[in-house]
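Next come two complexes built around chain A: one with chain B, the other with chain C.
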Partner chain A sequence: MKKNESYTDQARRQFISKVVAGAGLAVAPGVVLHQVAQAKPADQPASNKVRWGILINTNKCATGCTDCVSACQEEHAWGAASENEAHSSKLQKAQWIRKVKVTDKQTGYVMSLPMMCQHCKNPPCVDVCPTGASMKRADGIVLVDRHICIGCRYCMLACPYKARSFIHEELHDQSVNAPRGMGTVEACNMCVKRVDNDGIPACVEACNQAEHNAMLFGDLKDPNSDISIELKQHGGEQIREDLGLDTGVRYQGI
Partner chain B sequence: MSLGQLRQKIVIAAVGLLLALPLHAGEPASPVVPKAKAKATEKYGCVEPVSKMRKNHMEFLLHQRDDTMRRGIRTKKFSLVECVNCHVTPKKDGSYARFGESEHFCSSCHNYAAVKIDCFDCHRDTPENSNARHTLNDETSPHHTIAFKENDPLTTKKLDNVTSGGTE
Partner chain C sequence: MKKIHFSEIEGRSSGYLVLLGILGAIVLVSLGSAFYMEHNGHHVTGMNNQIAWGIPHVFAVFLIVAASGALNVASISSVFNKTAYKPLAPMSALLSIALLAGGLMILVLDLGRPDRLIVAMTIYNFKSIFAWNMILYNGFFAIVIVYIWMLMDRRMEKYKKPVGFAAFIWRLTLTTGTGSIFGFIVARQALDAAIMAPMFIVMSFSFGLAIFLLVMMAACSWSNRPFGDALFGRLKNLLGVFVAGVLYFVIAYHLTNLYAAEHHGVEKFILSDGGIYTQMFWIGQIILGSLVPLALFYHPSWGKSRALVGLGAVLVILGGLAQMYVIIIGSQAYPLVLFPGKVVESSFSDGIVNTYNPTFAEFGLGLGGFAVALIIVALAVKILRFMPVSLADADVDPHHK
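This part shows the complex of A and B:
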């Protein structure tokens, strides 16, 4: 019963926001303003007129390829790109992005996909956070504010994607792109610093540079962005769509 | 000399000794604050006048922290990264001081004032590109070509040169 109520709630909210958005954009009958995507000035906050998303084509994602993972490690100084966390076990170590191999037992079909924070519109990690450290930015990027994170790890339990990890050891020589330290939770930040500087996430960049082209980054709210056009033409699925989280990371071929 | 006079003299001597003590013992040396690398001007000294920075730097950083982290405002004026880039300078041996050492800009004063901060539990305490954060066998590292030379230590001067686009 409760489940149904929350779905109704979401549907209602979405309906209202669509009506409001429609009313705002239609200046006069037949005249509609288009939001033109452009770089955000440094002194302006992130805007809810955009929603950043990533589309991953698993048909192009090779089993065994870890270019996206390596790029993320290099960008944020974790895993192989860091000498920290030498005493942590494999399960304890940082895991911003990981490759997952899925095998269909019936047919034997194997696919490989990168799994990371799905940047949900309704993020359960934000719901359960007791301090407000787990947060969603106006442009849909889900982050951990380490300034107020107390390391309780409720968000790690709440996340259905196992996207978050906890830092067990004192760190040094962090990347300037990613302040991170002992006693706090961390996850994919969709390369928020790059995105704010009009760039694309390191994983997407690496995938395209190696000419795998399995990852596409863009604004889900802009109907003319590459990602929206591709989603409209060929569709894209959410993992655990049944949870109603409305993820910002979508997959094709799953 | 009577006993009373003697006692009086002893008391005066003792008081005098007590008054003189603080002048000789326990006087802490003032902190030696390292000079910033660049940008500082005679007039302002920093992004704001020095007196203002000394008093209010924590307020500026706190404000900037929430603006950047939670709202995505990325102006550089009070950015901690910019502070560190400019203020944390190499030691005499060429390596960068780490937070906690007296040569590190932040700890030079914080050690003196005994004010504990946890900024550098998470944030990098040395300037960007100032040491080989990358693993040595990673060929994408900009420091890779100079990291392996034997009997030729990697100095910050050399690194600065390489990272700013020059060769060794």
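This part shows the complex of A and C:
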């Protein structure tokens, strides 16, 4: 009898757990899908109805602050946030974003600003790439397809902002956010994974968290976006505007 | 004029075997260097994120430029009907594809991912000058191989001229493409000059003929075939004209830059303050690579000495490598101009002259390109009838007295 009872209990437990699991399976996708309903579905291409950009106010950018650089390093596992590139010299180590100090020779005025891929509308890196590994998405984000990059480094010569780095040795324990590989070229990808999930780039987030608020991310094509309104009210310039590249990263105070 | 005869070289002498042995050893060192670089990654080279193209590119671009120039002698015979150059045409065409093979070997083995060469051969971005060049290089091999067939097969005599003309046009396009790699880079102060394309064409005439002259001197001497003074003198004088032509373009390039205030910085860097780059320019390219060879070629008595003219040709080659060093590495060493007229500093070498210390592996890979080219020539002349039996003046020139 006791034996029968335990069988009954087991069967009941199994039944209940299957029902719960089934219900869970039925409900879970709805919950997950609801969470990402705002983001761009993975099977849909980037849209040219938006153009992502970043506006940087150099007057708010604190000299000596490198929060944006650290955040990028954490997000994409390079530099101080990674034990990789131990064999590479200082000149060989990758830098996706760097702080640049600019001093006016005549007045002595000093400004500080982050420099990274400027996500040009007419990117020279994309023009020169023989295989098309350097590419621009429809939403303006410039990327390197690490699957077809042959490591010729022509894009590094062509970029007026020195935004690109070559990987000089094998890498291990990479971030899932940014697959990287020896022998290929890489650069700031405007945290495309975050952007596709309705987030903002790590550098912008870090700048906001530090309450500097020097970086503003948004859609340059949307006249009602914060970035467009700010650009319309106070303007914004491009670095090396004379080259006619129409950059997605704009600066105030330069 | 007598009928021109061609024959294989015997290729059994100890000297020939030693030559093959030395060249083979250099090729092995080169392949070893490439394996070392690819296995460890480019951190074992002096190249970095500031100087992305280094010594391998200096050698590779030099050889590719020289390759198209080496075809010139064949073009002069087929396209411009200069009879005296006809016996030289097959060797000229052979040397051109051999040099191209050597140059491309370096370029491919220096890639970050040489295993993806198939990607570069199958996926093209037609706005990229590099992508055009891949088509131009492959087409050059195809056209010149057909051209060699037309030159060496008497039944194909009537096709020689049109194919030679096609090869001539193709080689001009190819060097335009190579020069344009360095001509359309708006980011670099030294490289946004359309004059690069025609300058590279004249450079190719000069470097290609210098190598051709040395190869013919060696080949004739080692296989005991006569090389007439008149023909030799013509080639020497032609090389002198090409060397002067390169000088003209170099002067025009720098004068144009000096006129534009935005280029004053880079000109000052190359011409006076650039350290190794300034020395490479004045001592390597201008004095040793141009003025001394011109003196050796046109001096009334020095110009008659085969040894001194040979020395002049060697100097043209070394000067050409120096010129490539200044163009390719000097242009990257000079800092990018992010904010004109302002002092720029960062953790990524902004605003400072970039340093480059090439390693042995880079030189090993680069020299291997020369060795591959020369091994192809050495083997080809043993297998097929590339070499004229005689280049004596009476045999090659109907008007020779």
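Just so it is clear, the second predicted complex is superposed on the first by the 214 of 254 C-alpha atoms of A that agree within 3 Å, B and C clash if a C-alpha of one lies under 4 Å from a C-alpha of the other, contacts with A are read in each partner's own complex, and residues count from 1 in each chain.
Heads up, the rule we're going with is that a contact is a pair of C-beta atoms (placed from the backbone, for glycine too) under 8 Å apart; a residue touches a chain by one contact, two chains touch by 3 or more.
In this text the structure is predicted, and so the values were computed from the model without any measurement.
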Which partner reaches more residues of chain A (counting touched residues only), chain B or chain C: C
Touching partner for A:Lys101 - first (chain B), second (chain C), both, neither: second
Contacts of A:Thr184 with chain B and chain C, given as first, second, both or neither: both
Partner chain in contact with A:His234 - chain B first, chain C second, else both or neither: neither
Touching partner for A:Lys40 - first (chain B), second (chain C), both, neither: first
Touched partner set for A:Glu169, first chain B, second chain C, both or neither: second
Partner chain(s) touched by A:Val192 [first = chain B, second = chain C, both, neither]: first
Partner chain(s) touched by A:Lys49 [first = chain B, second = chain C, both, neither]: neither
Touched partner set for A:Ser82, first chain B, second chain C, both or neither: first
Chain B/chain C common contact set on chain A: 170, 182-184
Touching residues (chain side chain B, partner chain A) in the complex: 65-67, 69-76, 81, 98, 121-126, 128, 131, 133-135, 138, 140
Interface residues, chain A side, partner chain C - complex: 87-89, 91-95, 98-105, 115, 124, 126-132, 148-154, 156-162, 164-170, 182-185, 239-240, 243, 254
Chain A contact footprint on chain C (complex, rising order): 38, 40-43, 47-53, 111-114, 116-117, 119-120, 123-125, 127-131, 134, 181, 185-188, 191, 332, 336-339, 341-350, 354-355
Interface residues, chain A side, partner chain B - complex: 40, 42-46, 74, 77, 80-83, 135, 137-139, 143, 145-147, 170-176, 179-184, 192-193, 196-197
